[in-house]
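Each remark here refers to the structure printed beneath this line.
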Amino acid sequence: MKLSALNQIKGKVVDVKKGVTTAHVRIDLGHGIVVTSSITNEAVDLLNLSPGDEVTTLINESNIIIGK
Amino acid sequence: MKLSALNQIKGKVVDVKKGVTTAHVRIDLGHGIVVTSSITNEAVDLLNLSPGDEVTTLINESNIIIGK
Amino acid sequence: MKLSALNQIKGKVVDVKKGVTTAHVRIDLGHGIVVTSSITNEAVDLLNLSPGDEVTTLINESNIIIGK
Amino acid sequence: MKLSALNQIKGKVVDVKKGVTTAHVRIDLGHGIVVTSSITNEAVDLLNLSPGDEVTTLINESNIIIGK
Amino acid sequence: MKLSALNQIKGKVVDVKKGVTTAHVRIDLGHGIVVTSSITNEAVDLLNLSPGDEVTTLINESNIIIGK
Amino acid sequence: MKLSALNQIKGKVVDVKKGVTTAHVRIDLGHGIVVTSSITNEAVDLLNLSPGDEVTTLINESNIIIGK
């Protein structure tokens, strides 16, 4: 399935921290770039996410702010 | 000023395309990763964005979707 | 690829209107429910979207506001 | 009050799960479509949300991703 | 209708600029604070927005970034 | 660093409530306007946020919904 969110960057899960409802997943995009994604615990379970997993990060164009 | 959007990735502007109100800015994050940001024309003018500019992309944690 | 945006609803494209940079795509989810998605023109081209296409709408949990 | 978020779909609350700060509310839109909304606990209290409530889900156009 | 987006600030429309699909609406919140909202042209028409209108701005909690 | 999110409003932190992963920060913008921002606990720690802090709230144009 192709997605309209064109920003798609591959990475590897380095850490998954579950709250009561919300989880934080840290993803190493390589080259020293590590990002954090805030998703639901259900999503973590559905994707069966754990450290070492190869994943793709998807970001909508309107959600990238630019600083200069 | 530090920002609560912790995902901050440096890159270089490769293209700026203005619509009537909305502009698309393509940014090379290096390592073959190019993203597109959709911002207002006013923001392009305020930041005086043009190809070659060193910029930082900022992404809120709740705006990164994970695919596996 | 499974996605962490758990809200996924199937529908059919009824209309695609391109601006200079941003396009509006109207999608019939059935049962009288029609939604509008605002995406980039590049995404319309990449997905080769046109009326009649079977698609899936994806919505992040933090992007659904509730009214009562 | 009319809202600029044009995507408005009626549904019924089926479940409310509160975390320490963030709550997940599952809403049945009918026809087998159930979505999850992630809102603050304060919002749950303000709207006095509980299973069985008739509600409206509101989604901004830029927050609907399309997959094909 | 009460909304789960708890951030609701009243203001007055000062300017409406329509693109081909996307419109920018500038809103004076008083006290020298003017914000810009990017909505669809359809929303402008539906709400029949024009300068001088009393409106309410609604912002989801996850969409407010903090700088310090 | 200038940011493409043009909506920037100064305020003072009045309350910080941490969940297991997500924190709610209430910010007084003056003139009786108090908003709530939902950010990660890591962001609270990085910015070292506590009541009384002078901060700036940043809101992307596409994240302001208008009601009339």
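Just so it is clear, A, B, C, D, E and F label the chains in written order, and each chain counts residues from 1 on its own.
Rule of thumb we're sticking to: contacts are C-beta pairs under 8 Å (C-beta built on N, C-alpha and C of every residue); 3 or more make two chains touch, one makes a residue touch a chain.
Molecules present, by chain and UniProt name: A, B, C, D, E, F = TOBE domain protein.
Predicted, not measured: the structure shown is a model, and the values here were computed from it.
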**Q.** Of all other chains, the one whose Cα centre sits farthest from subunit A
**A.** E
Q) Comparing B-E against C-D, which pair counts more contacting C-beta pairs? A) C-D
Q. Any idea if subunit A and subunit D meet via the same residues, over half in common, or different ones?
A. different
Q: Return the distance between the CA-based centres of subunit D and subunit F, expressed in whole Å.
A: 23
**Q.** Chain centre separation (subunit E, subunit F; CA means) in Å
**A.** 18
Q: Could you grab the centroid distance between subunit C and subunit F? Build each centroid from C-alpha atoms only and quote it in angstrom.
A: 30
Q) Considering subunit F alone, which of its residues make contact with at least two other chains? A) 1-6, 19-20, 22, 24, 36-40, 42-43, 47, 56, 58, 60-63, 65-68
Q: Would you pull the subunit D residues touching subunit F in the complex into a rising list?
A: 1-5, 19-22, 40, 42, 58, 60, 62
Q. If you look only at subunit A, which of its residues touch subunit F in the complex?
A. 17-20, 22-24, 36, 38, 62-63, 65-68
**Q.** Residue ranges of subunit B touching subunit F (in the complex, touch as defined)
**A.** 1-6, 37-40, 42-44, 46-47, 56, 58, 61-62
**Q.** Footprint of subunit B on subunit A - complex, ascending
**A.** 5-9, 24-25, 27, 29-31, 33, 35-39, 43, 47-49, 53-68
